[in-house]
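Below are structures written as structure tokens.
Both complexes below contain subunit A, partnered by subunit B and then by subunit C.
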Partner chain A sequence: MIRSCLFVPAHNPGMLQTADLFDADAVIFDLEDAVSYEEKDAARSLLVEFLKNFKIDIKVIVRINNNPLWFYHDVAAIATERLDAVLLPKADSESLKKALSLLIRFEKERHLPKKISLIPLLETATAIMNAEELLARPRIGGVMLGAEDFTADMGIERTKSGTEILYPRMKIALVARAFHIIAIDTPFTDINDEAGLIKDATAARTLGMSAKAAIHPRQISHINRIFAPSAAQIERAQRILKKSADTAGVFSLDGKMIDQPIIERARKTVEKAKRYKLI
Partner chain B sequence: MKNILNRFVPAGFTPYRGLIDRNNLRPRLKRRPAVNTGDKLIDSVSDIFDRLKISDGMTLSFHHHLRAGDRVMNIIMREIKRRNLKNLTLAPSSLFPNHELLSELIIAGCVSKIYTDYLNGPFASVIGAGKMNDLLIMDTHGGRSYAIESGDIDIDVAFIAVPAATVCGDGNGYTGPSACGSLGYTISDMLYARRKVVVTDNIVPAVKTKEIRKEYIDYVLSVDSIGIPKKIASGTTRITNDPVGLLIADNAVRALAATGVIKNGFSFQTGAGGISLAVADYLKKYMSLNNITASFASGGITEYIVSMHEAGLVSDLYDVQCFDLAAVNSIGKNKRHHAISAARYASLSEDNIADKLDVVILGATEVDTAFNVNVTTASDGLIIGGSGGHADTANGAAITVIVTPLLKTRLPIVKERVTTITTPGCDVDIVVTERGIAVNPLRVDLSEKLKSSGLPLMTIQELHDKAVAIAGRPQQPPHGKKPIGIVRYRDLSVVDVIYSLKE
Partner chain C sequence: MKNGVCGSMESNDCLITVEPSDKTEIIIESIVYDFYGMQIREVIIDTLNELNIDDVRVFCIDRGALDYTIKARVKVAVERMRAR
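Up next, the complex of A and B:
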């Protein structure tokens, strides 16, 4: 369960060592787009050494390169006990299969204590269309929408209103929910537009996305707030659970009927609030 | 001899004892009005030197309100060079990289001693190499004023750059091509130097506010230009964009809020560094949200502090130097934006503003596990700054907060022992970094209040250990053995010695 994940370029030592400071629930160390061709090797080595030597208490995700030149080397280097998930860009059936087979191999060879999950980054029309098939594959721990590449693939303009990604958001949220995995929304790329971020994140949450990626630490507090239950929601959920404990079946609260689905939602709200230390 | 901080003190100087004996302060000299009562306007530097008989061994002073845009000290240094004067003592309130001619004058023996509060420039390596005959004396802003008032710094001629002046010597810094706002650091020089020269590029018929007063001015030297306007505004007055800096600033304001000090009528000072400005910004938001109004803000005034004043969040601004043009504009128009002298700001001989502060936010180049702060030298001993008002306000304020990243590039900032002590640890209450907040054990009251704040509290030793765990234990670069300078506290006692650089 996460609300926010912060992209951190893996070639920048200063940013690596402060990655865990900003209250993000997860960090995505990026070996792909944030790192230029000539720095790929250096970034990979730096990240491996960083993960070996630094103790960070949040989920660690690494975005690898889905490119024959670096794919194997990236997975081979980062498949360690400190890795929680691999974010696979331009994910398709073949690359997911390849990544899984490498992960299984290294987990076995290195006696890793836990299984590393896969998060496909869906950023093409084909990937969105095949979301059900891709997310049904083994080891899928979540899914992320990549809006920039998706709109480029579609040949359409990326806008702040997000109208062009309405369908991908809805589809990803729906399929992720069906498979009980987290749906991570695409980052909002204007780091100086706080109001725009709030609007964009709220829209994503309303459509059922469960978390959002951030490309700047300043975005984290807004994302965490929007993807966590509000104080009013928590208070109402607690009241529902309290009354449900004393009442069998359907009951009424504040003039509204409370039945089993609402009680279940209240339970999830309280669970989230506890996890995020809101209560 | 060693002082209470276990630092060497050269013979002839008073060691720092930890407490200021306010009952035994040095008496003030009598103010020295102008000697010249005839015509004052002169347009030749050489003529001024002749009339004032400026000769070997004299002490000349300058102010730094024009910062890196200052041309006045360079004009005077060129004349010193031309005349090949020897063994002069210079007493500028600060030195900047544009005063590069100083290196040549030191090496040639023209300048043999310097008193200043801040020093940054290529001449630092010349002084660090031990090429100046006498010691460099690094004072605080309040200390410099106190030293001048008490005769410890005996100025023969003060050269006072004034952006707008009359032919009689009245003037201020509010208008003109080199407007810089408050001229606070030069007031002691004007009152107590033996002879005083206003240097200006803007003769005006009259000035409304007379910061510089004709009865103390012997001559008015008219020159083409006293400053480079673009370089007069400080380069440090931009709020940080660095997320780590913003996190530190946020933690600092949350810590202050937890102490309960941010309440109606409180007073504060923030510096002009990026993190300090971010603190001002977070403080502004906190005060607006909670309907809190401060009684005053002081120090170097910036656009951010002016915006708080204009928004009704701060009643009065006590301004010893304007850090940016917004502050310069404000001091000329806002009635409760007061220009104050360095003496009023922080001298022990006055009922000073620094001693009335509730909160001061300061930066650090290094902090050690005894809470001592260095803002004077880099870890290799090269002089890169100086106290300015750091030690004055840290001593005077009820709560002193140091904001600093735990690491800068790959170096831990919290160390076992700072290279040079600028501000003694007993004057520092809270150190805020991105990974934790340490409260000085002397401040049990603050520790108690912060306990339930939810902030990441730890001991200063734990902060140090965390830095070392991340970056490793840095080796202390070796320095030379020759003392080349001393750092004085606001009561002129010696807190530390600056050693020569390793050859």
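Up next, the complex of A and C:
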């Protein structure tokens, strides 16, 4: 269960060293878009040495390069016990199959104590259309929407209103929910627009996304707040659970009918609140 | 073989240049040389030993890099030198 994940360019030692200091629930070390073509080898090597030497207490995700030149080298380098998940850009059936096969191989060869999961980054029209098939595959631990590449693929403008990604958000949230995996929303790219971020993150959460990527530490507190239950929601959920424990079947609270689905939602709210240390 | 370069002059990083030589030579320029010069040298020597190399000249311009950064930069600089 995560609310926020912070993208950190893997070629920058100063940023690697502070990656877990900003209250993000997960960090995504980026070997892909944040790293220039000439620095791919240096970024990979730096990240490997960093992960060997630093213990990070939040989930570690690495975005690899989905490119024949670097795909194998990236997976081979990062498949260690320190890795929780691989974020696979431009994910499709073939690349997911290839990534899974490599992960299984390295987990076995290196006697890794846990299974590394895969998070497909859906960022093409075809990927969104095939979300059910892609997310039904083994080892999928979550899914992320990549809005910049998706809108580029569609040949449409990326806007702050997010109207153009309404359908991908809804589809990803729905399919992710059906497979019980996390749905991570695309980052909001204007790091100076706090009001825009709040609006964008709220819209994503309303549609059912369960977390959001951040590209700057200052975005994390807003994302964490928006993707966690509010104090009022927690208080009401606790009251519902308390009354449900003493009452059999349907009951009334504050003049409203409370039945099983509402009790279940209250249970999830309290579970999330505990997970995020809000109660 | 020509030289191989890796790293940057940004803070927390170092710029490593490796070139062929008859023996191992290490030249370090660091703002914290008095405190950490020996440690930087040791990391470079350990990394070269790990790579089984004893015939390179290493120039290190340090900007406060931690050991893991120096090690990673040396490894890639050597790979780049060999690839040339």
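Heads up, the rule we're going with is that the second predicted complex is superposed on the first by the 279 of 279 C-alpha atoms of A that agree within 3 Å, B and C clash if a C-alpha of one lies under 4 Å from a C-alpha of the other, contacts with A are read in each partner's own complex, and residues count from 1 in each chain.
Rule of thumb we're sticking to: contacts are C-beta pairs under 8 Å (C-beta built on N, C-alpha and C of every residue); 3 or more make two chains touch, one makes a residue touch a chain.
Quick caveat, the model's predicted, so the values are computed rather than measured.
Student: So, A:Ser36: does it touch subunit B (first), subunit C (second), both, or neither?
Tutor: Neither subunit B nor subunit C is touched by A:Ser36.
Student: Between subunit B and subunit C, pick out the one touching the greater number of residues of subunit A.
Tutor: It is C that touches the greater number of subunit A residues.
Student: Thinking of the overlay built on chain A, is A:Gln17 touched by subunit B (first), by subunit C (second), by both, or by neither?
Tutor: After superposing on A, A:Gln17 lies in contact with both subunit B and subunit C.
Student: If you stack the two complexes on chain A, which partner ends up touching A:Ser45: first (subunit B), second (subunit C), both, or neither?
Tutor: Touch partner of A:Ser45: subunit C, not subunit B.
Student: Once the complexes are superposed, what residues of subunit A are shared between the subunit B interface and the subunit C interface?
Tutor: 13-14, 17, 54
Student: What residues of subunit A sit close enough to touch subunit C in their complex?
Tutor: Within the complex, subunit A contacts subunit C at residues 12-14, 17, 41-42, 45-46, 48-50, 52-54.
Student: Which of the residues in subunit A come into contact with subunit B in the complex?
Tutor: Residues 13-14, 17-18, 21-22, 54, 216-218.
Student: Residues of subunit C touching subunit A in their complex?
Tutor: Interface residues on subunit C, with respect to subunit A: 6-7, 10-13, 65-69, 71-73, 75-76, 79-80.
Student: Per the contact definition, I'd like the list of subunit B residues that touch subunit A in the complex.
Tutor: Spelled out, the residues of subunit B in touch with subunit A are 243-244, 246-247, 407, 409-410, 434-435, 470.
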